[in-house]
Amino acid sequence: MTSFIFRRQLTVEWGQCDPAGIVFNPRFFEMFDTTTWLLFEAALGVKPDALARHYGIVGIALVDARANFLKPAKFGDVIEIAARVTEFRRTSFDVEHRLSIGGDIAVEGAETRVWAVRNKTDPDRLATAAIPPEVIAKFG
Amino acid sequence: MTSFIFRRQLTVEWGQCDPAGIVFNPRFFEMFDTTTWLLFEAALGVKPDALARHYGIVGIALVDARANFLKPAKFGDVIEIAARVTEFRRTSFDVEHRLSIGGDIAVEGAETRVWAVRNKTDPDRLATAAIPPEVIAKFG
Amino acid sequence: MTSFIFRRQLTVEWGQCDPAGIVFNPRFFEMFDTTTWLLFEAALGVKPDALARHYGIVGIALVDARANFLKPAKFGDVIEIAARVTEFRRTSFDVEHRLSIGGDIAVEGAETRVWAVRNKTDPDRLATAAIPPEVIAKFG
Amino acid sequence: MTSFIFRRQLTVEWGQCDPAGIVFNPRFFEMFDTTTWLLFEAALGVKPDALARHYGIVGIALVDARANFLKPAKFGDVIEIAARVTEFRRTSFDVEHRLSIGGDIAVEGAETRVWAVRNKTDPDRLATAAIPPEVIAKFG
């Protein structure tokens, strides 16, 4: 469990909501994705669009995503997101996203991602590589 | 585990893909959502937009969603989706979505949903209700 | 032409971009929609989710949208949006959205919307109503 | 005005609709984009993901998009889309999208696109090229 926590706020938009007037679930996975990029920017000081080039990787590829929806988020609600890496393994890591509204947890999300590089024998495919210790160190 | 399986095919669209040229993960959760509606239509013979009215419910509200991404889906790929209810409980149920491309599993998704009604004392909140046996029976 | 201009900034997200690495055009129309709600909030002091109730309307329904794409917006680009109402008519109005990146105009968008109320004889349909003078006055 | 018309049908999905219960306008621009790819596939016999490679272009880049919303589309509505190229110019062309529901026009959309190639002196920028006569001929 790393100690670095990235926080952001966003206000639910009309177009993120469905006919029930609440955020349509795929929109939360969009929020997770963007938040992970911003978490890495905050921890590493490298802008999202420079991350791949900076570390010589293809990206931080998603292999698993999940969410529990505890409380609906409505148009105009202010969502507070707190994200952190809950575990670094050799080539993969887990990110936790806790979304709260007015102090109550609304959504608990989690992603598993890999440090992805080009496969040497087949450049169309991905391979995983060891996450550099200096990257892990920056998350505390 | 129910025996009724709903299958559909779709072709990956340009706008579903990200700068890596592969389907952006929230788009898979859109596919799961639509597929669950169609699975229920196929099993029950009730159109999605008539489901709530037909059964006197608010809807089949999502409480949990998850996906494993095993193989990327690219622009133009034909995705074959097979969906079924893996378990009915008293007020909730699980739906499994298996997405394959050219015979290989690309994404394994799962949703947990509840049979949702209006809360009697606070109509702004939801409550769960028992899933009618005749609904469960239609899934085999 | 009103004088009230609403400005906001946003950074292009990974999931807003297509395989060409640039913002997928429908995402700009999402930006227009949200920006119009925020323009009204800024001018009127009424939060988007309270607008309909506050003025006894159904909403500010879109009847026309258009955009010129002059310069692509890439992942990580900071987009500066300036929005204003270019014309108020009796029951409708035009909103202009100018999106610039690094000082250069990237997208010019425009929406035409109506002050929409329930049709009295058929509540499933919309009708237009006269925009209150005090609303128009707040846009300068 | 070319004579080749491409038609498709789609059913409005839950996640395409907003809290008013109608299709959120950017979703129509997604439909236009996909329909244009399919129109080209139908006319040219080249699959969308092979189009750029087949003709040695970067793509058919959008420079202008617009839509009139005449009638709302609701969850479950069957939308009939008819698309055609209304004009070919030397390096650009216009596509018209007519969306109807139950025989009534619901949305009239239009796109202007260019036959886009890499700029020779600056490969990061696009240039336009003459549309091959054999491409135009296939649209009748």
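A, B, C and D are the chain letters, set down in written order, and residue numbers restart from 1 in every chain.
Convention: a contact is a pair of C-beta atoms (placed from the backbone, for glycine too) under 8 Å apart; a residue touches a chain by one contact, two chains touch by 3 or more.
All figures in this text were calculated on a predicted structure; none of them were measured in a lab.
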Self-check item: Smallest number of contact steps required from subunit B to reach subunit C
Solution: 1
Quiz prompt | Centroid-based (C-alpha) most distant chain relative to subunit B | solution = C
Exercise. Using the touch rule from the top, work out which pair, B-D or A-D, shares more C-beta pairs.
Key: B-D
Practice problem: Determine the centre-to-centre distance between subunit B and subunit D, using the mean Cα coordinates as centres, and give it in whole Å. | Solution: 29
Quiz item: Just curious, how far off is subunit B from subunit A if you go by their C-alpha centres, in Å?
Solution: 23
Self-check item: Centre distance in Å when subunit A and subunit D are each reduced to the mean of their C-alpha atoms
Solution: 33
Quiz item: Which positions in subunit C touch two or more other chains at once?
Solution: 14-15, 20, 24, 26, 30, 33, 75
Exercise. Using the touch rule from the top, collect the residues of subunit D that touch subunit C in their complex.
Key: 20, 24-27, 29-30, 33, 58-59, 62-70
Quiz prompt | subunit D residues touching subunit A - in the complex, by the definition given at the top | solution = 14-15, 17-21, 24, 26, 75
Quiz item: Considering the complex alone, what residue numbers of subunit C touch subunit A?
Solution: 13-15, 30, 33-34, 37, 47-50, 74-76
